[in-house]
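Sharing a structure with you now.
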Amino acid sequence: MPHAFPLFPVQASSAAPGVDQLFYFLIAVSVFFSALIFLLIFYFAIKYRRRSKDEAPPKNQVTNSIQLEVLWTVIPMVLVAVMYFWGADIFVRDARPPRNATEVFVVGKQWMWQIEHTNGKREINALHIPVDQPIKLTMTSQDVIHDFSVPAFRMKNDVLPDRYTTEWFKATRTGKFHLFCDQYCGMGHSLMRGWVYVMKPEDYERWLRSDVTGITMADQGETLYHNLGCITCHGTGKGPAFAGLYGKPVKLSDGQTVVANDAYLRESILYPTAQIVNGYSPIMPTFKGQVSEDQVLQLIAYIKSLGSTESNTGAP
Amino acid sequence: MSSPEVELPIESRVHYLNAGYGIKSWLLTTDHKRIGLMYLVSITFFFCFGGIAATLMRLNLLEPQGLLVEPETYNKLFSMHGIIMVFFFLIPSIPAVLGNFLIPMMIGARDVAFPRLNLLSWYVFMTGGLLALYAVIAGGVDTGWTFYTPLSTAYSNTHVMAAAAGVFIAGFSSILTGMNFVVTIHKMRAPGLSWFRLPLFIWAMYATSIIFILGTPVIAISLALVGLERWFHVGIFDPALGGDPLLFQHMFWFYSHPAVYVMILPSMGVISELVTAFSKKKIFGYHFIAFSSIAIAAIGFLVWGHHMFISGQSIYAGLVFSALSFAVAIPSAIKVFNWTATLYKGSISYEAPMLYALGFIGLFTIGGLTGLFLATLAVDQHVHDTYFVVAHFHYIMVGGAVMGYLGGIHYWWPKISGRLYPDGWARVAAIIIFVGFNLTFFPQFILGYLGMPRRYAVYPAEFHTLNVVSTAGASILGLGYVIPLVYLIWSMRYGPEAGPNPWHATGLEWTTASPPPTHNFEETPVVTEEPYAYDRLAEEIQVV
Amino acid sequence: MSNSHAVVAEQFDDRAQQHEASSLGMWIFLATEIMFFGGLFTAYTVYRNIHTAAFETASHLLNAKLGAFNTAVLICSSLTMALAVQAAQMGKRKRLITYLLSTMALGLVFIYIKFILEWHHDFLEGLAPGLHFTYAGPHASRVELFFCFYFIMTGVHALHMIVGEGVMTVLLVMAWRGAFSQERYNPIEMMGLYWHFVDIVWIFLFPLLYLLGARF
Amino acid sequence: MSEHIAPKKLYFFVFASLLVLTLLTWQIAYVDLGQWNIVVALAIAVGKASLVAMFFMHLRWSGSMMRIVVCAAVFWLAIMITLTLGDVLTRGRVVPSQGWHTSAAILHTAAPANQQR
């Protein structure tokens, strides 16, 4: 940051200019109406000041005007309608991650950010991403509610325990940007911050491949799949098979159909009896307490990696 | 009006202040005026308490690494500042002090409908307040005033129970007050005082009471659930049992957003009185101001979800709540325009209450307009939980509610105490408060848009300059608040006698002596005209 | 207490104004009670919608027969309360005392069934979250959530009944001393409104807690 | 106002209806109506509550203000429940788009949403 006293934050994402434009519009409306009210008050206050102590109250007072009331009801209505639709439009677009986004996984805990890339690379309180490429964060918390906020990207979302929330952005300039926890999370809240490093694609590739064991998240998930004994049921037909499962509709025993997304898989690992797949019995024990949030993410990554195969066997 | 009794000096006349002496005559009183004064003393105490916490916070933020205290202590400071200021100062401020004092007098009644419940509500309030104070003295509470789960239920090891119990209990004081006011306004009006002859302060208090009645029970039960979860280690909002932390946020904000209108609506009522009295003009658009109060109270219940746009709430709910939040801006805008229009062709004078009123209109305009930023989904996604929000709600709660409260206290002080305060000092204080306030909170808008998160004990160095400016402003603001405290207390003994109507204002409260006799009026007044009849000379209200 | 001077409090002009004010005040108080229980009902509704199957399973662990019987007990007490108010309106002291006593007795029957036959039993079954929860059938954690609500909702309701019993005891003593008359029966009437409200809350709690999903 | 004195006969009639309705709602619980069990049970509860409010609580003979108070509370409660449920029931259903876990993802089963390896 070259200026010691900036008035506006840097625009470093594809969403930032849109948000800022709307912000400027809001400022323009606000300045106009504040100035109008202030000037009128000053003008009236000086023009109609009481000139002597015993000045009689004014005669023939105007106390009503339907035209004026309608005017200052309708004009604000129109303006706020513009604000609403403009804001809603950007918001809805920001809620839809593009299909080609690179996935990164975030686990918040008191008071640090744990970040894992799909190739197994981990970092703490730092997020390295390539420029000009959409990034989708899948976030969860191990304890209280946190919030993953990157002001330069004009983007934030709360990070909740026992649930996945997402946010996505496309960085448009390289550099180092603040990462804050914006939802008060206890003693170390103001220390729960870090940096987002936006890199040129080639630098990013180099970074991603350095110091990495070569074991991807999906690999780690596969190891867990064997070690935790998932394979004894899900590999033998006693439990539903994983191949080709991800993103597909699943028919449940209570007749409902759900999509096998991150949230569904997570719930099935931790609370297996909540949603029973049609035709199977509720025999799976819970893995709550046995696997950490990042291990759940690894298991999901593993199941996801089996996504495209249409085979009916268990493990590949 | 000029009955010979009023002409007597204050000391030689029996009025509500000297009708009984001794601590018992106060602690067991059922006189709404005395209860109002007891509230005044209590909330002033809580205000000082919350103010000290704020001062320490601002001092700490002088340095990016924290000047005074550890983050742990800072967290306790802002939590206590929030809890004390919201629940024990702002919410009871105008309703419990000025509302109690004025409502029966403004409607020509001898007292409120249930005087003993009224006294009870003060005791309930004090019980809650003392519990909250206990929480501070015993070591503090660090959840913020929002008590979000699971931080408050499972992770915080501070005195959450005591603080939550304090807020829970104080809530019943609000409920009793609201009940009392609604029944009083419905059933105790003087002959001839129809709904559209009521002062706008009464309309505002009526709207406020609706929120007290329908909202407060919900915060009570939400905090009770937090307490039970914490106490028995059961999981009402615990995601591990399938509970939903967002459900707590819904229930919390169902009350706590309307609670913001509990703070601002009474101030709006006060401003309507002040603007007319000091421009000697009938209010512009009486019906629009009256109904916009009711509209704000009603729509105010539909907008709570804008505190949760980025909380993991469904985006569809976000879209609905955003639209509803914009809707509540309209009645607020109507009020501001009508007040401004009231000044047109008035006969405007600038005693201290009027300075507060004009300050209120300006600051509320800024506060209200910045609220639009937060109702706008995409912008909120950037500024949510930053200093932008802090600045916005301080413009509403301090620039709005507290300015209105101080304006009201100054305006009705001659009625309360029977004496005048030094107007010169009061004007100086009003200007100092206005300047100090803007200097404190305007930089926080910029900080917020730059991305500085709220509730940060330490912060990145690039936010340093603006934080120093803000702290400098806070010291001016703090000074501004001390001055009225001094001269108002001074005036109680040494101020010149005010007489029944020092401002030559309309309204039933000005037709009786200052300070009023215990039963307010020598004879029940009969009302024969519309309020704010400044177009005719004052003192036209006929006493039968 | 019962002399005509004390019938109208000093802030009121006449008895009609006082009566209207206290009725309105009581109804407003009941509105706050609706919102108070409403918070619980909202939370309950949300969870029932998320965990429909689990809540039905949990509901079937409750004894619907006792629930239905208790509903009948409470309706009986509402009837006797209504009759007590009527007796007060007509200035019949003896009948008022009889009906008040039967209302209180029926209330105690309800509380007995609730605490001794139901809560105690649930506790022994291991269905008391936080104290003794051993249920390990399907949806165990969600069943625990249901039972949190079961105990809180019936507990808050029972608390209201106990408060009602306490106030009624005072009223009973006052009635015994002849404090009420055709001119002054407001407290009895207010008590009636409160008691019927508590009954209404139970009328909703019964299906919501005991009758979720079909039992067969 | 509620100075009205209702006849005893009416009270007993209301009482009998309440008992019948209680019996009814209890018995219906043993009939499988699927989703409708709770709807029927609540409908009966609303009926019972109205009987109590109207006759036992004299709302039928009370001023309109009392009815407004009750309606306001019920209405605000409905607001709280509706808007909260509105969030809970639509949560997680991200706008159908090119997103991951959406109905759109189902349509594109053939195309892998994102190749991990």
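To keep things simple, chains are lettered A, B, C and D as they appear, and every chain counts its residues starting from 1.
The criterion applied here is as follows: a residue touches a chain if its C-beta (ideal position, glycine included) is under 8 Å from a C-beta of that chain, and two chains touch if they have at least 3 such contacts.
Every value quoted in this text rests on a predicted model; they were computed, and no experiment measured them.
The fewest steps needed to get from chain A to chain C, moving only between touching chains, is 1. Of all chain pairs, the one joined by the greatest number of contacting C-beta pairs is A-B. One inter-chain figure worth recording: chain B and chain D are separated by 36 Å, centre to centre, where each centre is the mean of the chain's CA atoms.
Chain A and chain D have Cα centroids lying 34 Å from one another. For the pair chain C and chain D, the distance between mean C-alpha positions equals 20 Å. Each of the following residues of chain A touches two or more other chains: 92, 95, 271, 274. Residue positions 186, 214, 218, 240, 242, 244, 246-247, 250-251, 254, 312, 315 of chain B each touch two or more of the other chains. Residues of chain C in contact with at least two other chains: 20, 24, 28, 31-32, 35, 38-39, 42, 46, 50-51, 54, 141-142. Within the complex, the chain D residues that touch chain C are 1-3, 5-6, 8, 11-12, 14-15, 18-19, 22-23, 25-26, 29-34, 37-38, 41-42, 44-45, 48-49, 52-53, 55-57, 62-63, 65-66, 69-70, 72-74, 76-77, 80-81, 84-85, 88-89. Per the touch definition, chain B reaches chain C in the complex via residues 109-115, 175, 178-180, 182-183, 186-188, 213-218, 220-222, 225, 228, 232-236, 240-244, 247, 250-251, 254, 519, 524.
Interface residues of chain B, counted against chain A in their complex, comprise 71-72, 74-75, 142, 144, 146, 148, 150-151, 154-156, 239-240, 242, 245-246, 279-286, 288, 309-312, 315, 318-319, 322-323, 326-327, 329-330, 333-334, 336-338, 340-341, 343-350, 358, 361-362, 365-366, 369-370, 372-373, 375-382, 384-386, 446, 449-451, 453-460, 462, 465-466, 534-537.
Against chain B, in their complex, chain A makes its touches with residues 1, 4-9, 18-19, 22-23, 26, 29-30, 33-34, 37-38, 40-41, 44-45, 48-50, 55-65, 68-69, 72-73, 76-77, 80-81, 83-84, 86-92, 94-95, 110, 143-145, 147, 149, 151-152, 154-158, 160-163, 165, 178, 180-191, 193, 271, 274, 288. Looking at the complex, you find that chain C touches chain D at residues 16, 19-20, 23-24, 27-28, 30-32, 34-35, 38-39, 41-42, 45-46, 49-50, 64, 67-68, 71-72, 75-76, 78-79, 81-83, 86, 89-90, 189, 192-193, 196-197, 199-200, 203-204, 206-208, 210-216.
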